[in-house]
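Some structures are shown below for you to check.
Here chain A shows up in two complexes: once beside chain B, once beside chain C.
The block that comes next holds the complex of A and B.
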C-alpha cells in the first residue's frame, strides 16, 4: 500500500499543468469538494483540525464501505500510475536533465583529453558520477522521495556547470566541489523528508535558533581574519567551514515558524530578535554581504507575513541608516564603494579584482573563448565570488545571461511550489528560501558586472565551497519537502473528495 | 493566506524587475565597454595572446605597412623612421605603453579574439598557426609624415584631419613623438609625454575656438541678438573681475566680434545667454560627454555647468577658465558645422581582413545626431568663412577656389612664471571635392592666427594635393 501511495505521490508531484484539469473535473465529481473549498478559506489551524477530524471519521466508517473505497482507490491509482509512466517528469524537465548530463559528460571529457597523449582518469570517473546523477535524480528520485523534478533538474544544471568549470581551471577544486555536491544531495534528501513529514516544528526551531547563535559565535571566538572578515572557522572532524552559510537555514526556519503561526508583531518577536542577533554577530564578523542577505530576507518575510507597511518602511529605513553607518565605520566598505564607482583609479591594487573580472568577461565575448581556455585564474577569488566572470570568459556572455535566466526560472518554480502549499509555514519557508537565493544571486552577479558595489557573497550552487553548496542544497531540500507535503495534502483531498 | 500570496507575488515581481535590470545593464555595459575591457592595458590576456598568436598587420589607408609581425614572431614597425614616428601614438607599441594605440586598443582583432568558432575549428584542422586579423586604418601615412615635418620646430601639440563626409580620420599626429623600435629611449624621457596621444588625450583650454559653441548657442537660443552690437573697450567688468581683450575693438556687431575674436563682446553675450543655455549647447556639442567611440578612445572634454559665478560664465564663453577640450573634439565640432549641424562618430578602422581573406564587419558607429539646426550651422559657416577671408584667420586661406571656414584661438594658460598661449586653428574646407576638417593645436605656440592658421593651410593644401 505504501509503495503505491508513494507512486501516487510522485504522480501528484507533476507540474501544475496536471492539477488544472483535475481541478476542473472535481466539482462535477463531488459536491463535497465545494464544501471543502469553503473550509479552506478558514484560518490555517482550523484546516488542520478538520483534516484530522475527517481522517478519524474515515477510520470509523463501516468496514464494507471502506473496502469498497479502497478498491476504488486502487483502481484510480492504477490509472494515475499509468499516466505517470507515460509522462515521467515531463518532457521539458527530462530535456534539462539530459542537457545537464550531456554538458557534464562532454565538458569533463574535454578535460580528460586536454593533455595530449594522457587520458585523465579522474575526469572520466567524474563523468561516471555526474552524468548518471543528473539523470537519475531527475527521473527516478521524484518517484521514491518528495522531490520536485523541475527544481531538481535546474539545481543539477547549476551544480554541473560549477563542477565542470571549476575542474577546467583547478581540478582539485572541481573534484571537491563534486564531493560537496553529492553530499549536498544527501542533505537535500534528508531535509526534504524532514520538512515533508514533520508536523511539529516548535522544538526543532528552538534548537536551530540556539545552534545558529552558537555557530555564529564560533568564528568570532576561534576564527581568523581573512579578506577583511572573520567568518570562517575550523573545527575538528568537520574541517573549516562558514557558519553564516548554514545559519541561513536556522533563520529561514525561525522566520517561517514565528511569522507563519502568529499574527501580531509581538508574537513575531522571537524570530525578529533572532534575526537581529544574527545581524549583530555578522556585523561583528564584518561579513556585511551575508548580513545584507539576512536583513533583506527578514524584511521580505516580515512584509509578506504581516503586511504592515509602516513597520516595513521603518525596517527599510533602519537598514539604510545601518548601511550609511557601516559605510562611515568600515574602511573596507568605503574602498568597495570607491572601487565600484571607479575601479580604474587603482587598477593594480584595490580595483584589481573587479577590473580583472570585467576584462575576463570582455575577453570572452559573446560566445566565450571556449571551455578550459582563457586565463580566468588571473582574477583573485575566481573560484568563489567571481565564478560568474569565469563562466562568462569561457562560455561567453550569452551563456552567462542564460545562467541568470536559469536562476530566475529556479526562483519562479520555487515560488510556484510554495504558492500551492496549504500552510502558511510552508508558504513562508518556501518564499523565504527563494527570496534569499534570488537576492544572493542578484547581489553577487550584479557585483561582478560592476552594477552595484561588490558584496563578497557566494553565488548559490556555483561558487566553490562546501558550506555554501550544502546550505543551498539544504534549502532546496526544504523546497522539495514543501512540494512533497503539498502533494500529499492535495492527494488526500482528492481521495476524500472521490470517496 | 490569499493576502500573503498577493504580497509574495509583489515581492517576486520586484525581484524579477531587479534581474531584468541586471541583464539590461549587463548587455549595455558589454556592448559599450566590452571592447575596451578586452583592449585594456591591464588585460593579461593580450600579453598571453602575443605568445601564442601571430599578431596581424596594421596598414594605412594606402596599404603602407605600419606594423607587422616578422617570421620569428617579433613585432616590427615601418622601416622609415619618419613614418614610424609620425604614426607612433596611433599605432602604439608592442609593450602596451601607449594604451590607446591600435596595437593595444584593437588587439582583439589583431590577436584574433574576434575569430568565430568555425574559423578556430578550421584553423585547428588545417594546422595553421593561429593568426590575428589584419587591420587597415583610415589615416594616411604621407599626410601624417608631412604634418610632423611642418610642425613648428621643437613645439608640442597635435593636428587632426578628418574627412567630414566619410568621418574617416585622415591624420592624427601628436608631438613630441617616439620611435616604437627604441622604447628604452621613449621611456627614459617619459616627462616629455611622447607616449600620450595629444590629439585624443590632451585636454586644453579651447580658447577662442570655443566661440563657435557660444555663437551656436546665441543663434539657437537668442536669434534676436543677430543685430546686437557692443562697444568693445578692451575691458568688460563682470562680477569682481573683468574679461579683457588685447586691444579695444570699438563698436562690434555679432559678426564682427566673431571675426575679430572679441572677448568682451562674447563675455557680454554669455551674460545674456546664462549658464543654462550655453551649458546646454556645449553639452549637445559633446562637452562633458563620455565619447564611447568604437574605433578610438577620446578623453572627455569638460565644460563647467555648476554656475559658479558670472565671471566664470564669461570666461567659459571664450573657452578659458575651466573649459577643456581635446583637439579631436574640436575637429569633430568643425565637421559637425560642415555637416549642417549633424554630429558623427569619427572612424579609424577602414577595414579588417581575416586570415582566410574575408572582410570582418566593422564595429557599428553610433547613430549620427542632429545637434544644431541646419540654419544655425549655415550661419556659423558663413561667419567662419569670414574669419578666414577677412578676420583673424586670413593666413589659413587657400587659393584655387577652395574656401576655408575656420576659427582661430589663442588660449591663455598660465603657469607660475609666464602667461603663454596655445595656438589653435579649427576649421574645414567648404568645397565638396575636398571635405577636410582640421584642428591644429600648438602648445605655447603664440597666436592662433599667426602660428596655427598657416600650418592648417599647409596641411589642408597637402591633403588636397595627395587627394585623399
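The block that comes next holds the complex of A and C.
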C-alpha cells in the first residue's frame, strides 16, 4: 500500500498537479469519528427514521384530509344557506314564467289574427298586459314582497291559460277575466302583507266570522234562484257576486285560529259552530257543492289539529248521514246522481251537459282540435264549471293532464311551505288553503269526467268569475304571507347559528 | 289570414301548448324537489333549529331526566307528563297537561293549568296565571328544577302580559276556581282534591295509631 501511494504522489508531482494532503485514518473509537457518526448515520438508523416520518405523515394525513373536508363542508353549508335565503326563484322558475309569457303571447296573437283581414287590437293589448305580468310578478315581486316564486309562477300559468281560453270562446269574458286577474293580484299582495306582518288575529277573526255569517244570509234575503241554488247576490255598486266564495276566507281564518290556539274539543267549539252555521246557511241556499267543500276542509283541518281519530270518524259519519238526508230532501241532487249513473237516460235534457262535456273531451284527442276550434258553446256553462272540458277539447288531454299536475304541484308546494312554519296558526291556515283548493279542483274535474256526481263548483283560477278568482288569489296571498314568514324565521335561525 | 292557415296554426298551437305544459310541469317538479332538499339540508346543519330554546335540568331526583339533560322547547305547545305534550316531563307529580306556552318577542309566555308545584324563579304560578320567562329563568315543575335557555331573547320581562289566547277575565276566573275552559280545576275538581287529601290524611293517621298499638302490645 505504501509503495503504491508513493508512486501516485510521484506521478502527480511529475504532472505538476497539487495533491491534497491525505488525511490520517482515525481509529474506530476516535472522538472525531463519533461526532461525524451523528450526521452520517448507519443505514438501519436511516430506515427507522424514514419509517417514523412516514408514520407521522400517515397519521397527519387523515387529520389534514379531515380538516380539508370540514372546510369544504363549511363552505358548502354557507353557500346553501345563502341559496335558501335568496328571494327570487331559480332558473327553473324563471323559465316557467318565460314559458307562461310565451304561451299567453302566442295564444292571444293567434286570437288577434283569427278573423280574416282584421287584426284584433284588443287581443294585442291583452298580450301587452298578460306577458309582462307573468314575467314581472315572478321575477320582481318576490324581491320586494313576501311572495313565493314557485307558487306565483304556477298561479300565473293557470290564470294565463284561463284568460287565453276564455278569450277564444268569448272575448268579452276573456277581457273581464284579465281585469279580475289584475285585481286579484292586488288582493293577493295585500293578503300576503297582512298575513306576514300581523301577529294578533283575535279581533280580525271575530270580525271575519260575523261578516261571513252576514254575507251568507244576504243571498237568502236578496238572492235569485240560479241552477237550483240561491247563492248569487246583486248589489248596486259591486254588481253580482257569490258570497260563499268570499266566506271561504273567513272559514279558513276561524278554523286556523281556534284549532291552532286551543287544542281540546271544547276550545275548538267556536270554529266548529261557525262552520256548522255556514253549512246550515249553504244548505238553505241549496249550494251543496260549496257546502261539501266547507265540510271536507273543516273535517281535514280538525284531524290535522288534534289527531282525534274517533271524533273525525264521527264527523265523517255525520257527513254521510247529512248527504243521505240531502239526497232524500232535494230533488236536484237526486237528478244529478241519476245523471251521473246514466246520463244517456235523458241525453237531451238532464244529461245533456255531462254528455256534451264527455264528447268535447273525447273529440279533443291527445293534442286538441286547435285553439278557437271545436264547439265549446254546446256545453252549458262552458266558461264556468265546464272550462276543463273546453281546455281538453281545444288543447288536448295531454294539456289537461299537465293542468291537473300543476294543481297537484301547487297543493304539494303549499303544504310543504306551511309545514315549515313554527306557529300552528300558520300551519293550519296554509294546510286549510291548500286542502280547500285541492278538494275544489278534485270535485269539479272529477265531476266533469264523470268520476263523481257533478257538484257545480268553480275550477280554481280557471273558471270565469270575479268572486271565484279574487277569493282564490286572496287564498294564495295567505299562502305567500306564510311563506314570507317562514323565510324570515329561517333567516333568524341562520343568524342565530352564526352568532 | 285565411281560415285554412288559421286552422293549421291553431293545430300547431295545440302541440306547442302541450310541450310548454309538459316542460312547465317538469321544471316545477324539479324546482319543488330541489328546494325541498336544499331546505332540509340547511335545516339539518343548524343546531337546535325549530326550537325557541332549551330547558336544562338542574336537579331531578329521578332516573328519567338526570341533571344536565336538555329538553328542546318549541315556539308554542304544551308542557306536561303526557307523551303527546311538546315538552314531556314524565313524572307522577306533574299533571298530564300542566301548562301551555308560546314564544313572543319579550320571552316565553307560559300559562299554568294545574296546581302541580309550578314555580318560576321560586314564585308559585297559580292555574290560569301567565308567566313571562326570559333567558335564565328557573322553572320548577313538581320535583324537577330546570333553567330556561332561550335563543335570541336576552332579558326577562317581569310584568304578566295578556297574550292573544288568554284574556284577563279567564285568568281571574281560574284564580277564583271556577274553571276557565283551559283545563284549570273547577270547583268540583278542587272539592275532589280536598276530599282525596282528607282521605289520605285519615289513612295516615289510622296507620300511625295502628303502629302505636302494635308497639304497645309488643312492649
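Definition applied: the second predicted complex is superposed on the first by the 411 of 499 C-alpha atoms of A that agree within 3 Å, B and C clash if a C-alpha of one lies under 4 Å from a C-alpha of the other, contacts with A are read in each partner's own complex, and residues count from 1 in each chain.
Following the convention adopted for this analysis, a residue touches a chain if its C-beta (ideal position, glycine included) is under 8 Å from a C-beta of that chain, and two chains touch if they have at least 3 such contacts.
Quantities reported herein were computed from a predicted structural model and do not represent experimental measurements.
Partner contacting the larger number of chain A residues, of chain B and chain C: C.
Contacts of A:202 after superposition: chain C is touched, whereas chain B is not reached.
In the superposed model, A:332 makes contact with neither chain B nor chain C. When the two complexes are overlaid on their common chain A, residue A:69 makes contact with neither chain B nor chain C.
In the superposition on chain A, contact is made by A:402 with chain C only, not with chain B. Once chain A of one complex is fitted onto chain A of the other, the partner contacts of A:442 are limited to chain B, with no touch recorded for chain C.
In the superposed model, A:412 lies in contact with both chain B and chain C. When the shared chain is aligned, no partner comes close enough to touch A:350: not chain B, not chain C. Once the two complexes are laid over each other on the shared chain, residue contacts for A:367 go to chain B and to chain C alike. When the two complexes are overlaid on their common chain A, residue A:176 makes contact with neither chain B nor chain C. Judged by the document's definition of touching, chain A residues 367, 369-370, 412, 424 lie at the interface with chain B and also at the interface with chain C.
Against chain C, the residues of chain A that register as touching in their complex are 77, 80-81, 83-84, 89-90, 92-93, 95-96, 99-100, 102-103, 106-107, 110, 113-114, 116, 150, 153-154, 157, 199-202, 261-264, 266-267, 366-373, 394-396, 398-399, 402-403, 405-406, 409, 412-413, 416, 420, 422-424, 490, 492-494, 496-497.
Interface of chain C with chain A (complex): residues 1-3, 6-7, 9-11, 13-18, 20-25, 27-32, 34-36, 38-39, 41-42, 45-47, 49-50, 74-76, 78, 103, 151-152, 164-165, 181-183. Note for the complex: chain A touches chain B at residues 41, 44, 300, 303-305, 307, 347-348, 355-356, 358-359, 361-363, 365, 367, 369-370, 374-375, 378, 397, 400-401, 404, 407-408, 411-412, 415, 418-419, 424, 427-428, 431, 434-435, 438-439, 442, 445-446, 449-451.
Per the touch definition, chain B reaches chain A in the complex via residues 1-5, 7-8, 11-12, 15-16, 18-19, 22-23, 25-27, 29-30, 33-38, 40, 42-45, 48, 113-114, 117, 120.
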